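The chains carry the letters A, B, C, D and E, assigned in the order they are written, with residues numbered from 1 in each.
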Amino acid sequence: MSELLQVIGLTKRFGGLTAVNNVSFSVQEHEILSVIGPNGAGKSTLFKLIASFLRTSGGEVRFRGERISNLAPHITARKGIVRTFQETTIFKGMTVRENVVIAHHLRSKASLFGFFIESPAAARDEQEFGRSADQILEFLDLGEIKNEVASNLPQGHLRALGIAIGLSTDPTVLLLDEPFAGMNHDETRRAVEMVRSVRDRGVTLLLVEHDMSAVMKISDRIVVLNFGEKIAEGTPEEIQSNESVIEAYLGIEDESIGL
Amino acid sequence: MTRTTKIVGVGAVLAILLVGIPALINISGRWDLYYTLTSVALLSIASGGVWLTFYIGRINIGQGAYALMGGYVSAILVVKYGVSFWLTLPIAGLFCGAVSVLIGIPILRLRGVYFAMITLVLTEVARLSMLALPITNGAKGITNIPLPGAVEVFGLTLIPDFATLSNAKPAFYYLSIVLMILCFAGLYRLVNSRLGKLCRSLQQNEELASSIGVNIAYLRVVAYVISSFLGGIGGATFAAISQSVYPSSFTIADSINFMLNCFLGGLGYVFGPMLGTLVLYFGWDLLFQTGEFQLLIFSTVLIALILALPNGLLSLRFSKAGKESVGRE
Amino acid sequence: MEQVLANGLYLGAQYALIALGLTLIFALMNVLNFAHGQLYVLGGFVTYTIYGQLEMPFVAALFAAAVTLALVGGLMERFLFRTVLKRSVREESTMLLAAGTAFFLDAIILLIFGEKQRGVPKIVDGVFNWDFRLIMPYDRILIGFLAIFAIAAFVLYMQYSKTGRALRALAQDRVAAQLMGVNVDRYSMIGFALGAMLAGVVGGLLVTITGVNSGIGGPISIKAFMMVMIGGAGVISGAIAGGFILGMLESVGLSVLHSYGDITYLMIFASLMVFLSIRPQGLMGKPWG
Amino acid sequence: MSQLLRFTDVELYYDHVYALKGVSIELNEGETVALIGANGAGKSSILRAITGLQGIRKGEIVFDGNRIDRGFGPDAIVKMGIVMVPEGRRVFPFMSVKDNLLMGAFTRTDKGGINATLEMVLGRFPRLKERYTQAAGTMSGGEQQMLVIGRALMAKPKLLLLDEPSLGIAPKLVQDIARSIVAINRDEKVSVLLVEQNSRMALRISHRTYALATGSVALSGESTALLEDERVKSLYLGGEVS
Amino acid sequence: ANKVLKIGFVGVTSGPAAAWGTSNVRSMQTRAAWINEIGGVKIGGDTYDIEIVTFDDQKDPKRAIAGMEKMAQEGIHYVVGPNVDDGAAAVRPVAESNGIMYFPYAFPKSLYQKPASNAVLGMIANYQSGPAIYKFLRDKKGVKKVAFIAANESDPLSQRDGGVAAANALGLEVVADKDTYQNDTRDFVPVLTPVLRSKPDLLVLSGVAPGNAPLLIRSARELGYTGFISTETAQDAKVLEEGAGDLANGFISVGGASTPEIRSKAMEEFIDRYTKMFGEYNDESNTKVYALEYIIETLKMNPKGIDDIGEFKKTMDNFSAPNPYMKGDATLKYVGMTSFGQKRQVAVPMVVNEYRDGKFDTLFIAEVD
């Protein structure tokens, strides 16, 4: 294992508000690292900073030792760091399969002009992407609905589609923002399986999630944010028993309401 | 559609445009239709450009600026530097393309009505620039532009000098129709290639597109450049037909019309702007005998069409069940 | 300088009032109402007919203009925009409808009221003259204050009345507003009528100063768009700010750039473009995609 | 206990895709009823049908003795006393907390009553009182969730519909919200129809539960009984996420 | 039954500039109805009814071309219009290739100079009336300093440039020659504030649209301006009265033949008929009544012109007929030798008017050659 991604003193201010405050941690290759914390703690902001969707106010992100902060989002994506969105963000007007095929864009070898004249490279891409898309859709159990227009899908499927889109880019690091939100236990269990198998494909995963049972099961390590600052980092066991995390985030179990 | 029916269909359309219509005009003696159809062809080229910007999710009310610019570039080159019209045509397009890069990079970050607005202002800026720039002859415009000259390759006359023709109308008609066919063949190809899918991804969600590695800034500029190129070509040809160009040759009204053509034809269909232009432009002409009621009838018909086919005329053929309405009947 | 500032303020007040109606309709239904200027013209002609031709009191004429335009606006929403909004795939399609409506109103106005510029007798005579440093006819001062009064009344209405709150809610989230018991159809109509009424009131107010002319609807709409964009689309405070900024920009710009003559407007527009590319959402607009 | 809501054999389609194929459920006055089920099972669709956001194809919906599935728009249904908290919060982002709450009382005209309810809501969610004049869009997810529940209470509903109130909310806040739901049902005598993915919580805080599967009711019964039911355990509680 | 002679009109009758074309069309229609009512007009051996074919070009040069094509299609050889420079320039190729004589209300000299020969200026150009007015004001009223203001569009700007040149030639001091306004301007106070600071004796509203004239006058007067205001285009008294009231008194403009001093019985009947037909007269028609008259009279003189404009052109050089709209023995004839080197302008009396209390008073009358 080696340090794939380093977050060093990362800071983001919006006007007077410091959403992410001097956060540092690193991510090992092939690990699953979760970021948790109360609503508004700065988790999504952190992801946006890593994926260059926001400019940093301070600090930096290194990928394989190379500084990658403040690039254009598509360049970061080309380097292999891809995020999915917290809001179910998909191409609403396209079918499920079209969504996934277009998401293969990064792997494309042809030029824009090549697409236009349908060069052999572009045609090869196209075939290849179709095959890969079908595979991914099967893998995520979306095969049956692949010709549905995405805007008609219920919440859960939208999430799965979001992950499919992320996967299609063949990322080195995949950032998943609340991938299990809106799924029931059964679905979450399957989704967890799936995320694991994504890792087994060699992808390093960062995720933000509020579903604690899933987080605890799946994560190798957990980083906890509160008011923009890192308040804890460690294995699931360590985090679960960390007093300040319980205080700020987890709460004390209360069987009367099933939580 | 199978490949053969497609080829037959395309062949039929080409035959109608290039042979059928001229023949009909000859038989019926309606020579005025040449100009009307020429205008429709040229305006639909410019509208086609606007349509492409719609396709990446931008409402473009600035095409008049590029049409005007194209007209001036061609006119200035022909009149002041004696360049052949045929050479100025692509130059005008490329010039507009180049200018649109400079303008597009800052303004394409804007979305929705903001982009619409800034392009509207751009049209006015272009008009005022043409009034003010030293090279454009200001308010007096450029008049007496010679007709397009001959094109010869190795002594073989490919295109005759328009001035020697007894009637330049059919010549301009063929020129415009061929340009239009090329333009829409190109657009059709573009939209049905992967490039088109990328454009659609931009239209639907730019953030997501960039997260899957699409260089959205670049793609937007590419689409805008193509759009402006088409605007420039259309404008340049118009200058040649009217043999004059004025700062008011293309104005905000034109920019708005280009946009309306796209809406009327249907934003979802490549050939929408073509049909939209035909109906909007030709419709006005058809009604000219109604005198003072022309505008009233025209607008009433237009409103009726929109109410009946809010997604564009072409949605008539391809329409699926409409969007589910919210609420109970 | 006093003169220039006063000109700007007066211009700004009328612009702001024009922009308000447009931005309200935009906020509520995402309709960029190309016919706004035509509604303004119609308001002007109603006032012209009642005050100028029938020689009834100005206030009555203004009231009639407001009522007529509210009615026209309501009808436009009910029979045109509602249908198209429900059935169209892309909301922008209403731009075509708005343009068609603008043509239609233009045609009707031209047929009924003719092609000539029209004017009415002054409502108050006399000119305020402060030593030639600041000259302002009393009717302008009155109209300026009436405009500001109308703006204030509208803002208070939107802020504190139940209807105003419902309209704001509708603008922010249609479905959620519906779930609070807001009858979306009814309030869209009310909002549209209110927007049209504002246009009519400005038209009626200004007919006493600048007269009215059947052809100016289109240019007025375009100017109103600019104000709305400067301030930020769909935001009431933005429309007001935009109106005043454009008023000042014109007044100050024309004075300062006087020596550049012909390119004054080129510079005003070019700076507008630069401003918008730096602030893509106008002054206080919500982001818009 | 008298019956408040009855849903008989309801079918609902989007375009040509069915979302509900013959669903029947009931809810009695004072009850909290939970709807659980997989993604796309049709839970939200049931709520949309009740509120009139979506028309139904077949069947009938009776509320308080009146049929409400034909001829009533969403606003009319709110007036009858059914208020829904939709999926994904949906506050009015540019309005203050206060105005958001007042919007909740839109259908009411009794000024005094509105003020009393406002006091009650602010008492129940003190955070809202702290943020009274803040624009709702700038509040955190949990605060927004409280706001929309409070906003719904402002209408003084007989029946409160909640669509996944825990979605995207931090665990500690989810606890708060769950407790609020219990309290609202108990203290304010508001009946609740709750859609929830967190089945354990749903079963804990409801009286009865319906489990949906692809557009029809798969299981139903007293929540306490279902908690022990083997099928429920394996399908919806998953015991452990392994 | 009579044969029909179709005369065309291509110009703007809708939108902001509708007033220009409308007064044109209506005077043509009024005159045609009148002629037809009295049994038509005898040209050569035949009697013709006049039919006016109109085309609204919306002030768009592209549409103007289409309009001219329509006229050609209708077999029309005589067209009145377009109303603006760009339209007039744009229709030129069509008119020339289809054998159409057209009578624009646009001033660019290149339209009327050789090699162009199909356009006939339908009114008096600003570079003809301007010098006369300025000279009058300089000599009789002691005007020394002139300021110009124009809309930033082709026609007004060209007219302004012509005016500035004329004023300079007359030795007047031009104190403002670069101030412009947008066509959407409704409030001219901000525009005029800096201009009036230069304290001119004469403010020239170059190429001002009829609708804007009263607004400009009113704003200038309300800002305390006391000098002269003039324009070189025709205006409507009613519009001035409604828009500026007493403030418009003393405003100087150029009209046709309707001031009571010079108008004939026929002109009075024309005004009468126009008013009956359309509800309200437009003083701009004082000038615009002429084009149709010239066409018909010229054809009467040489009937071969009916479908051969070559014949028409030949006749133009020596054409002369009594002017029905003026008292006395004024004649209709083609002029323009000085300005264009060929006779491509209709001779209309250059009546310089002064507005006073709802009517125009004649200041002086001049002729163009």
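Here is the rule we use: contacts are C-beta pairs under 8 Å (C-beta built on N, C-alpha and C of every residue); 3 or more make two chains touch, one makes a residue touch a chain.
As the structure is a prediction and not an experimental result, all values here were calculated from the model.
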Moving step by step through touching chains, the smallest count that connects chain D to chain E is 2
So the chain most remote from chain A by C-alpha centre is E
Most remote chain w.r.t. Chain B, using mean C-alpha positions, is D
Comparing C-E with A-B, the one with more C-beta contacts is C-E
CA centroids of chain B and chain C: separation to the nearest Å works out as 32
Dist(centroid_CA(chain A), centroid_CA(chain C)) in Å evaluates to 46
Whole-Å distance, C-alpha centre of chain B to that of chain E, is 35
Averaging C-alpha coordinates per chain, one finds the centres of chain C and chain D separated by a number of Å equal to 42
Among all residues of chain B, those touching at least two other chains are 128, 131, 253, 292, 295, 326-327
Shared-interface residues of chain C (touching two or more other chains) are 106-107, 110, 175, 178, 184, 218, 222, 262, 265
Touching two or more other chains in chain A are residues none
The chain A residues in contact with chain B across the complex are 51, 53, 72-74, 77-78, 82-85, 89-94, 98, 101-103, 105-106, 108, 110, 112, 115-118, 122, 125-126, 165, 168-169
Given the complex, residues on chain C that touch chain D span 162, 165-166, 168-169, 172-173, 175-185, 286
Interface with chain E, chain B side, in the complex: residues 30-32, 34-36, 39, 43, 128, 131, 138-141, 143-144, 147, 167-168, 238, 241-244, 246-249, 251, 253-254, 284-285, 288-289, 291-292, 294-295
Per the touch rule, the chain E residues reaching chain B in their complex are 13-14, 53-56, 58-63, 65-67, 69-70, 72-73, 84-86, 89-94, 97, 108, 110, 152-155, 157-158, 161
Chain D partner, complex, touching residues on chain A are 37-40, 86, 152-157, 178, 181-189, 192, 210, 212-214, 217, 248-251, 254-259
